[in-house]
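First chain A sits with chain B, and in the next complex the same chain sits with chain C.
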Partner chain A sequence: MKRLAAWGAAAVAAMALALVPCIGSPTLVQFGISTLLLATLAQAWNIIGGFAGYASFGNSVFYGLGSYGTAIAMLRMGWPFGVGLALGAALAVVFAVAIGMPVLRLRGHYFAIATLALAEVMIAIVSNLDIAGRNIGLVLPLLRGDTMFYELSLGLLVLTTLTVLWLSGSRLGFGLIAIRESEDAAAVVGVNTTAYKVCAFALAAFFSALAGGIHAYWITFIDPASAFDISLNVKMIIMAVFGGPGSILGPVIGALLLASISELLATEVSTAASLFFGFIIVIAVVFMPRGLADVARRLPQLRWRYFGDNVRTHRL
Partner chain B sequence: MLLLLQVLANGALLGGLYALMALGLALVWGVLNIVNLAHGAFIMLGAYVCYYLFTLAHMDPFAALPVAMLLLFCLGYALQRGVLNLIIRAPMFNTLLITFGFEVVITFLAQIVFSADFRAINPDYAGANVTLTGVTVPLVRLAAFAVALGLTAALSLLLNRTRVGRAIRACAQDLVAARLHGVEPRHIYALTFGLGAALAGAAGGLYGIVSQINPYIGGALTAKSFAICIIGGLENPFGVVVGGLFLGIVESLTSVYVGATYADVASFGILVLVLIVRPTGLLGRTT
Partner chain C sequence: MTPLLEVHHLTKFFEGLAAVSDISFDVGTGEILGLIGPNGAGKTTVVSLISGTLMPNDGELMFRQRPIGGLSPFQRARLGIGRTFQIMRPFPGLSVLDNVAVGALFGAGSERRGLARARGEAAHWLQFVGLEHRAQQRADELGGPDRKRLELAKALAMRPRLLLLDEVMAGLTNAEVNDVVALIRRVRDSGVSILVIEHVMHAIKSLSDRLLVLHHGQKIAEGAPDHVLSDPRVVEAYLGRRRT
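Coming up: the complex of A and B.
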């Protein structure tokens, strides 16, 4: 019953969000597009990071491949936007499968750093490719249609979230959770860990690449440093972990909340915005280490003791 | 042939400094299992301490290194004792996130206090060099290299020959057993993190002497230190030195013979390969 109410609320919220371009100011719509895309990225990260427990720093590579795939298809081949998106997504999925096989064998910090290194390598490689405009970047045709981009981003976020909802009740999702809790035990009970992890990686790649493609066409300019930006990947992780990794709506709520906070800070106290942002991260990690989803579950019972409890379980 | 020798010499000298940068990260990672994303920011702070001691107090930059190390040690000790000890048993994401939070705060404050301008520590003897069989060796880089190796040896002695060092290694191996033998982990953890920060401070001072600094250099230096830790392994300080030398030499070879833009492809490509072939590092033990 409670679950049903939560989903009803989520559906109403999605519909309300869909109406924003009709009533909101252009600035709000633009803020909305970038925030919805960030929420999509956080949700896509949730599949590999939250469910499978693999701290990927390579999702910004998928985002970048999506951006460049779309841009190259539109500029160099003259294909329409939709085909470009599909090409970018296909590129990212192929890359995820090819690179996932060796890299997903690594665990913990080692996986995190290998994917971090991949992002660095991609920046350098793309900066040297003629077809990708080297380090100058590519300029896409201008399309004035913030409403279209907004609805597209919202649709993508809903699609990603529905996929995660399906995942949470599927064999694949349970397998990924088993891998997160104990990979050896999962393998012993017959989970094909490699195939499951590569699947999760490819799913994350697919949605991240679509977000990248939409962003590229909206912003009309991409260059290697911004398309493969690692701090974007850090943002995804922060948003997903803040919201609650491994939950269904947590990463979306975390992303919307954090993006709004940082936007408000940027307008109210422009110079100190990143300072506050840093403090919020530190405080959130200390007092609510399992994210908003866990706060929503346990705070009503424990009240203020919740925060003390968290510190007590995790301190030395 | 002479060019090759010169390139190798440059790479090795750079590599010594790289090794010192990575040493603190490796120590903290190996003992506390924290990958400190603020490590590069600590290096940046150390560089600014030396810069201001040199420009305002007219101290010799090499003499300013101990001051930078002391200040960074205090900062590291306080951060671990006050904040990081609170979340040490939380999942890995959380320690990554919180140190990233530190990095954001430190970089922001540095940009306010120090301004975003590029700075360099330029003592009178900055241009001096010696020529050995045709290979030019800048004296400052040679001195930085020597300091880096000296500090590595000092850390190795500290870990292997002193009571505190034994306590640090005990905490890394088995926390429960260490506690049963009377080790106070809160203090030892803070001490270890402080030592890591002090090493970053020294690396920063040397980096400021051989290169330019601004408040944003931290992120790239953290990534580079990571790469070195992986290549060298975490078990032994001298492994980190080998990792640093390797990376320095590979980078200078690629920038001369392939192109400067490929230096990062080479170093990070090697990192990925090493991880795939030997996940415990080139010199690490296979488990």
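Coming up: the complex of A and C.
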């Protein structure tokens, strides 16, 4: 019953969000597009980082491949945007499978470090490819259509979230959770750990690449440094972890909330905005290290003791 | 009748040290084979080699008359080899019920099983091991004896044909040991073959159809429990040489 109410609320919220371009200012719509894309990225990271427990720093590479795939398809081949998106997504999925096979054998910090290097490698490669405009970048055809980009981004976020919802009740999702909780134990109860991890990586790649493609066409300019920006990956992790990794709605709510706070701070106290933002993150990590989803689950029972318990159990 | 599991000349080195050397034995269908030996004899290594978490340096494994040496742990699990770990490995963040549901979801012949059905089966196995009242608790909240039961329920939910039990009775009280012995008998009566490692001697003696004794990675005795336990070499391995 409670679950049903939550989903009702989520559906209403999605519909309300869909109406924003009709009533909101152009600035709000633009803020909306970038925030919805960030939320999609956080949700995609949730599949590999939250469910499978593999803290990937390679998701910004998927995003970049989506951007470049779309741009190259439209500029060099003259294909329509939709085909470009598909090409970008296909590139990212192929890359995820090819790189995932060796890299997903590494666990914990080693996996994080290995994926961290991927972005730098991609910047070096793309900067030397003529088809990708080398280090100058690519300029995409201009399309004035913020409403279209907004609805597209919202649709992608809904699709990604529905995928995560399906995942949470599926064999695949359960296998991923088992891998996160104890990989050796998962293998001896019959989970094909390698295939499952690669599958999660590929799913994350698919949605991240679509977000990258939409963003590239919206912004109309990409260069290697911005397309494969590692700080974007850090952002998705912070948002997903703030919201609650491994939950269904947590990463989305975390992304929307953090992006709003950050935007608000930037306009109100412009100079010290990032200082305040950092402060909020630190507070969140100390008092609610398991994210908003866990707060929603346990705060009603424990009340204010919830925060004290967190501080104690994590010895902060 | 052909045995369910055949082990031929199994050998495993750890950095030059032979943890298991040239061991051969069979486990028959519906048989309980006890694996005993002093600490460091290689018992857990044998279990890990059979379940696939370790790869042998030499030797051959046949399960249901097919070689399984080249299969990974998950493939062996799906063929019907279930194991428990001596150092218990639950999925800590999941509920007790879902821990067992993972076993039901991925074990032997589970390809078309949905989550709802897996949870239903999990509830059955929790009842079987007497853990149903803890179903909704997180697995990491369980105490030692209950964790042992959970390990067992998880392995049983996989519906294995061969169950490898690595010290499921260590640290239990006498009454709890008797419970687990009765439990293991019931599992065997349902047609499952069992290889059990145990230090609780009276339990393994009454439980096992046959005993296999390892010492320094080598098989030093095999046969009926009474016969094996009175073998001078076995006594020596456990207690040391008698001074004359």
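One rule holds in what follows: the second predicted complex is superposed on the first by the 315 of 316 C-alpha atoms of A that agree within 3 Å, B and C clash if a C-alpha of one lies under 4 Å from a C-alpha of the other, contacts with A are read in each partner's own complex, and residues count from 1 in each chain.
Quick note on the criterion: a contact is a pair of C-beta atoms (placed from the backbone, for glycine too) under 8 Å apart; a residue touches a chain by one contact, two chains touch by 3 or more.
Note that the coordinates shown come from a computational prediction; the quantities given were computed from them, not determined experimentally.
Partners chain B and chain C fit side by side in the overlay (superposition on chain A). In the superposed model, chain B and chain C sit 80 degrees apart as seen from the Cα centre of chain A, a figure rounded to the nearest 10.
Once chain A of one complex is fitted onto chain A of the other, the partner contacts of A:Ser56 are absent, as it touches neither chain B nor chain C. In the superposed pair of complexes, A:Gly169 makes contact with chain C only, with no contact to chain B. Looking at the shared chain after the overlay, A:Ile177 reaches chain C, while chain B stays out of its contact range.
Between chain B and chain C, more residues of chain A are touched by B. Of the two partner chains placed around the shared chain by superposition, chain C is the only one that A:Ala186 touches, whereas chain B remains out of contact.
Contact with neither chain B nor chain C is seen for A:Gln43 once the two complexes are overlaid on the shared chain.
After overlaying the two complexes on the shared chain, residue contacts for A:Gly278 are found with chain B alone; chain C is out of touch. The gap separating chain B from chain C at its narrowest, counted between C-alpha atoms of the superposed chains, is 10 angstrom.
Common to the chain B-facing and chain C-facing surfaces of chain A is no residue whatsoever. On the side of chain C, the complex with chain A involves touching residues 51-53, 72-74, 77-78, 82-83, 85, 89-94, 98, 101-103, 105-108, 110, 113-115, 154-155, 158. Those residues of chain A whose C-beta lies close enough to touch chain C in the complex are 169-171, 174-175, 177-178, 180-182, 184-193.
For chain B in complex with chain A, the touching residues are 29, 35, 83, 85-94, 96-98, 100-105, 107-109, 112, 185-186, 189, 219, 223, 226-227, 230, 259, 261-262, 264-265, 268-269, 271-272, 275-276, 279.
Residues 49, 55, 102-103, 105-110, 112-114, 116-118, 120-121, 123-125, 127-128, 135, 230-231, 234, 237-238, 241, 245, 271-272, 274-275, 277-282, 285-286, 289, 311, 313-316 of chain A touch chain B in their complex.
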